[in-house]
Amino acid sequence: MGLATIVQTIAHTLDEEMRRDDRVVILGEDVGKRGGVFLATEALFQKYGPDRVIDTPLSEAAIIGAAVGMAVHGLRPVAEIQFADYIFPGFDQLVSQAAKLRYRSGGQFSAPMVIRMPAGGGVKGGHHHSQSPETHFVHTPGLKVVYPSTPHDTKGLLKTAIRDDDPVVFMEPKRLYRAIKEEVPEEDYCIEFGKAHLRRKGDDVVLVSYGATMAETLKAADALHEQGISAEVIDLRSLLPWDKTTVCRSVARVGRVVLVSEAPRMANFMSEVSATLTEEILDALLAPPIRVTGFDTPYPYAYDREYLPGPNRILKAVQKVLSY
Amino acid sequence: MIKDSQLFQPFSEKPIRLMGDAGEWLGSFELNLDSDTLLKFYRDMLRARLFDERLLLLHRRGQVSFVAPSAGHEAAQVAVAAALKPKKDWVFPYYREPGLLLALGVPAVELFGQAMATRADPNRGRQMPAHPGSRDFNVFTVASVIASHLPPAVGTAISMKVRNTGEVVVASFGDGATSEGDFHAGLNFAGVQGAPIVFVCQNNRYAISVEYHKQTAAETIASKAEAYGLPGYLVDGMDVLACFFVMREAVARARQGFGPSLVEMQVYRLGPHSSADDDTRYRPVEEVETWKTRDPLARMHRFLAHRGLWSREEDLALRTEIEREFRQAVEDAQRAGAVPLEWMFEDVFAELPDHLREQRRDLL
Amino acid sequence: MIKDSQLFQPFSEKPIRLMGDAGEWLGSFELNLDSDTLLKFYRDMLRARLFDERLLLLHRRGQVSFVAPSAGHEAAQVAVAAALKPKKDWVFPYYREPGLLLALGVPAVELFGQAMATRADPNRGRQMPAHPGSRDFNVFTVASVIASHLPPAVGTAISMKVRNTGEVVVASFGDGATSEGDFHAGLNFAGVQGAPIVFVCQNNRYAISVEYHKQTAAETIASKAEAYGLPGYLVDGMDVLACFFVMREAVARARQGFGPSLVEMQVYRLGPHSSADDDTRYRPVEEVETWKTRDPLARMHRFLAHRGLWSREEDLALRTEIEREFRQAVEDAQRAGAVPLEWMFEDVFAELPDHLREQRRDLL
Amino acid sequence: MGLATIVQTIAHTLDEEMRRDDRVVILGEDVGKRGGVFLATEALFQKYGPDRVIDTPLSEAAIIGAAVGMAVHGLRPVAEIQFADYIFPGFDQLVSQAAKLRYRSGGQFSAPMVIRMPAGGGVKGGHHHSQSPETHFVHTPGLKVVYPSTPHDTKGLLKTAIRDDDPVVFMEPKRLYRAIKEEVPEEDYCIEFGKAHLRRKGDDVVLVSYGATMAETLKAADALHEQGISAEVIDLRSLLPWDKTTVCRSVARVGRVVLVSEAPRMANFMSEVSATLTEEILDALLAPPIRVTGFDTPYPYAYDREYLPGPNRILKAVQKVLSY
C-alpha cells in the first residue's frame, strides 16, 4: 500500500478485512459519513453502507455491549471508542461482559471483537482526551491488549486482532497518527501477539516501551548513541500477552533497563514488567529497573508535554542505571 | 416502524388481562388455543414452581449455596417461552428465570448441574447458582451485573436484522434493572436500529428491598418505552394468557421487521429476594398475603378447572411425575461429578496463554 | 409532584413559541417584561456571539487550541441564565455554553483565561478550552465526558432539598448526551427524589456528525421526561422569549418543591462541531443555510426593532463596546501569565502526598 | 463499644459519625429499611430517616455521581456499592468525576466522600460477587484507597475516611465481616492513611498484605512459626497512599519478602510494591520479592478457595525466597 501513516493504515486495513470477511462490521460514534473524528474509518461507510458501518448513539455501553451481542451471533465487530478516555462509561460492558463471557459460559459463548481507541497525550486534549488506560485492561482477565507504534505493525496487529477469537483492546497512539510515514507492505500479513519487536540492538542499557512513547524512547536512544552509549530498544507491541522472554533475555544480557510508559506511575503496567524481571532474573540485574512514566495526577492541559516521559526524563533514568 | 397493533394497544392505563381472578375468560376475542397448549402452560408453570422448591430443599441440605425463588413469576416466564421458536430465537434472561429455561426445553439436569457446579453444567461450574445459560437453546448465560445483558441482547438482534435471519431476541429483567444505564443504552439503540427484540420487564415492585416508587417516578415501566420510540405494553403478569397473547404479538411484529417493543408484566415475588434475604425487614406480611391470593398457578388451575380441562387427581399425578423427574435430574447432575480443578484456567481465552499455563502449573 | 402548569403544557406536539420569524409576539398573554430586560437578552446574546468570534480569531492566530462554537444556541443559553438567581442557584453546563456563563456574570477575562490556560483561569489551566467553571458563580467546572455532569447535578439538587435551601440547579447538555447512561441515571434519581433541578437539552439535531434520527427513535427529547415521571417541555430554542418564560416557570416550580422538569430547546449549530471539525462531510449546505435564516440574534433584533427598542446605530455601538471589552479581557487574560509548571502537582488532593512530592521534585 | 465484628463496627462507626456531623449522609441500594444486604447500615434509616439514609434506584452511576454532587454542595456522603464488582457500571463517575473534580476545577470544587464496598472472594459468589478491583482505584490519580482487615482498624480508618477532604474508596473484606470479633475501643479515634500496621515482628521473611488476605497471611505466619521461621507481617491498611517507608525498612532489614493479594496477578497492586522495592533497595534483597496473588482468570465459582492465595501458596512462596 506504499507510504502510509498509522491512521491511513487503519482505514486501509479495515477496508481489506471487510472485503475479506463479510462478518466484519464497524460501529461507533461518527464512524459513518464522517469517517471517524480522526478519519480512521474514512470512506468505509460510502463503500459498505449503513449495515456494516454503523453510526451509534452516543453511548459507549451501547457500542461495546452491542459488539458483544453481534460477536455472539457470529459477526466480527470492530468497535471504535472515540477517545480511550471514553471507555469508562462502557467499562462495565468491557470487563463484565466482553472479558468474562467465554469463561462464565464454559466456552459456550464468546466475543471475538476488537475495541479500537486512540490513546495517549501530547495533543493538547486535557485530561479527557489524553489518558492511557492500558493498565486497567491488562489487569482484566479475558482481554487481550495491543498497542502498536508504527504503520507496519498497525496493519499486522490489527489483522491479527480482527481474526482473533477473543476480545482485543486495540490501542492507537494518537499523537503518532500522522507523525510517521513508512512503507507498508501490500500483502496480507499478521503479527502474532506477545512478540516484541527489537527496534535497536545495544549493549549498555535496555529501553522497553510501547505505543506512543516509542517515539520518545527512540529519540532517547539516538541521543544516547551520540554520547557513545548503545541502547537496546524493545517495542512490546502487545501488553497482554507481553513478551516476557524477549525482555528477560535482553535485560539478563545487558543488566540495566529503563521502562517507559506514559500512564500514571502508581501500579502502571511497567510495574508488572519490573516485578517480573526481579522475580525471574534478579541476579542478572546490575541496577534496579527504573520506570519512567506519567505522573500521578489527572492528565493536565497546561504543560501536557512536560507530563509525558520525554527523552530528557528517559536520559536521566538511563544515567541513573548506568551510574548505579 | 411500529405496525398497527392487532389485538392490543400500547400504553394502556390498566394492565391487559385475559383471565379473571376466578379463572374466567375476559378476552374480547374468541380464545383460539387448543387444550394441549393450555395444559402445557400449566404444566410448565408447575414445573417452574417445583423446580424452585427442589432447589430450596437442596439449599437447606447444603448442596446448593444460593437460590433466587421465582414463585409468582411463573406465568410471565412460561408465556415468554411459549411465544418463541426454541433453538431458533434467542433469549437473554436474568437470574430469576428457571421457568423460562425449563419451558424452552433446557433439560432440568443442566439447571441442577449449574446450581451445584457439576459437570452437568454446560457452563462448567463457573458461576454461582441461578446463572444458567445454554448454547443449544440460544440462551445467553446469565451475568450477575443487573441489566448488563441488555446491550449484548440488542447487538444480537442487530446482527439478526443485518443478516435478515428471521430470528427474534427476547431479553428479560426486573423493575430494578430499568434504572441502570445499560437499560437505557440498550433500548435506545434497539429503537434506532429497529432491531427484532422484545424487552420483557418482570415488575415485581421490589428490587431486593427497594420499593417501586423509590426506583422510579414513572407511573409504569411500560411508559418508559416512549423515550425510545417503542410501543410499551402493560400486562397482568400473573395472567399467563394475557402474557402469552401480548408476547405473541410483540414477537411476530419483531419478526416481521416492525421493530422492538417493551412489555411490562406486573408480577409479585411471593418469596424472599433470595436464600440470603429476610423480606420481613421491608415488606408487610399482609401485602405478601394479598398477593398470594393472586398466585398465577392457582389462577390457571381455576381457569382449566372451569373449562373441565383439569382435576385435582390429574394435578396430583402431574406433581408426582415432575417430582420424580427432578429427583432423577438432581441425581444425574450429582453423578456427573464435580468439575475438575484444572478447568479453572480454561476458557479465559480460546487458547491457554503462557502466563495461565504457568499459573496452572504452579497450582496443580 | 408536578404542580399544575401556569402558562405552558408539557408534551406539546409543536414547540412552544412566543416570537414569530418576523419578530412578532405570539404569546397568548400580555408580554410583561420591561425594555431593560428585553435589551439585556439581546445584549447577552450578542456578547455570546462575539465571544465565539473572538475565540475563533485567537484560534486562527494559534493562541487558543480549540473552539466549540455556540452560534445558534445563544437564545437558549441566555434565557437559562435569566431565569436563575446568579450566585445562589447552581449551574452544571456542558462545553458549548459561553453564553450561559457570560450572561450569569462570569467575567470574560476568566473565560479567555480558561481558553488560554493562563493564571486568569480560576481552574488553573487544567483543561482544554471550552471547559470553564466558577465557584464564585456556582458553575460546576465542565468535564469532557458527555452527560457525566448530570448525576452530580442531581446530587447537588438533592442536597438543596434535604437542607431546604431554596436553591435550584440547572443542568444542560446536547441531544447526543441523552443517549448516555448518565442521562438516564440522573433524570431517574431526580424524579424519585423530587429534587429542585431543571434539565435543559439544547437539541441541535447533531452529535458531531450523528443526526438526530440515529441518536434516538423518540419523536422528541421532551418526551423522554415521561420515563422519569417528569413534565417535558418542547420549546423553540431560537426564541429567547419562549425559552425564558418556560425556564422561569420550570425554575419556579423546582424552587417551590414541585420537583424537576426537562426542557428541550430546539436549536441549530450554525457552525461546525468544533475547530477540529469539517461539517460539510455530513451536513448539506442547504440545511445550514435554511437554519441561518432563523438566527436567534437576528430574530430578537427584529423583535426589538419592531417595538422601536433598537436601531442599527445602537447595534453598531453595542458591538463596538463589546469588542472593546473582549479585547481588553483577552489582554488581561494574557497578562495574567502562564500557569506555573509546579501547579501540575497541586489539587490532586487537598494536601500534597509524599509520592507526588517526590514526582514534583524529580521533574523540577 | 466492646467486642464487635467488622460489619458491626461499620454500622456503629457510621452511627457515631452521623451523630457527630449532620452533613454525613448515606446512600446506596438497600441501605434503608433493609439496613444493607450485609447489615452494614443496620438501624440507621430508622434512626436518621430517609433524608440522611437514602435508598437509591439501582444505578451505581447515580449513587456515585449523586454523592459527588452532594459533596460539592457541602454534605459528606458515604455511598455504598453493594458489591465491589458493581463499581463498574459507576466506574466513570468515580474516575472522571470524583477523582478529577478538584484537579480540573483548580481546587474550586472538591468531592469529599466515601465509597464503601465489600470486596474479595471466598464466599461462593462467583465472578461478580468476589472481585478485588483495588488496583483500578490505585491507578486512578485523585482517589485514596483504604482496605482494613480488623474491626479496630475499620473504625479508625472509616472515621478518617469520612473526615477526609478527598474521595476515599473504602474497601471491606467481606469474608472477614463476621469472622473476627475483637475489642473495639469506645473512644473516637482516627487512623492516619499511609501508615501500615506491623502485625507480627520477625527476622526471616517479611509478609506484606492487606484486607481479606491478611487472615491467610497470618495463618501462614503461624505455620511458619511452628516451623521455627519468624515472619514479620505488615498490614498495609491503605493502598493509596501506601506505607513505602515501613515496607522498605522491614524488607531492607530482613532481605526477603512475599507480597500477598488476591486480585488477579497481572499488574496487581503488589507489582507496584515489588517494583518500588527493587528501585529503592535492590542491594538489600537477598531473594526476589515474590507475589502470591489471585490467578488471571475471572473469579470462578467452583474452587473459589483454591483461587485465593491461601496459606499453602504463601508457604510455598516463603520456601522459595528462603531457599533462594
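Which chain is which? They are A, B, C and D, in the order written, and residues in each are numbered from 1.
Everything that follows uses one rule, which is that contacts are C-beta pairs under 8 Å (C-beta built on N, C-alpha and C of every residue); 3 or more make two chains touch, one makes a residue touch a chain.
From a predicted model like this one, the values you see are computed outputs, not experimental measurements.
Using the average of C-alpha coordinates as each chain's centre, C ends up farthest from chain D. In terms of C-beta pairs in contact, C-D outnumbers the other of C-D and B-D.
For this pair, chain C with chain D, the centres built from the Cα atoms lie 40 Å apart. Rounded to whole angstrom units, the spacing between the C-alpha centres of chain B and chain D is 36.
Computed centre separation for the pair chain A/chain D is 30 angstrom, with centres defined by C-alpha atoms. The centroid of the Cα atoms in chain B and the matching centroid in chain C are 44 Å apart.
Each of the following residues of chain A touches two or more other chains: 56-57, 59, 61-62, 85, 88-89, 92, 96, 100, 103-104, 126-128, 141-142, 266, 295-298, 300. Each of the following residues of chain B touches two or more other chains: 125-127, 131, 143, 145, 148, 179-182, 184-185, 188-189, 192, 214-216, 348, 355.
Per the touch definition, chain C reaches chain B in the complex via residues 1, 179-185, 188-189, 191-192, 194, 213-219, 223-224, 226-230. Against chain A, the residues of chain D that register as touching in their complex are 85, 88-89, 91-92, 95-96, 99-100, 103-104, 126-128, 135-136, 138-142, 240, 263-264, 266-272, 274-275, 277-280, 282, 285, 287-291, 295-298, 300.
Contact residues on chain D toward chain C in their complex (touch as defined above): 25, 51-52, 54, 56-57, 59, 61-62, 64-75, 77, 89, 92-93, 96-97, 100-110, 141-142, 144, 164-166, 194, 241, 244.
Residues 29-30, 32-35, 37, 55-59, 61-62, 85-86, 88-89, 124-129, 265-266, 295-298, 300-303, 306-307, 313 of chain A touch chain C in their complex.
Residues of chain C that touch chain D in their complex: 90, 121-127, 131, 133-135, 140-141, 143, 145, 148-160, 162-163, 181-182, 184-186, 188-189, 192-193, 346-350, 353-355.
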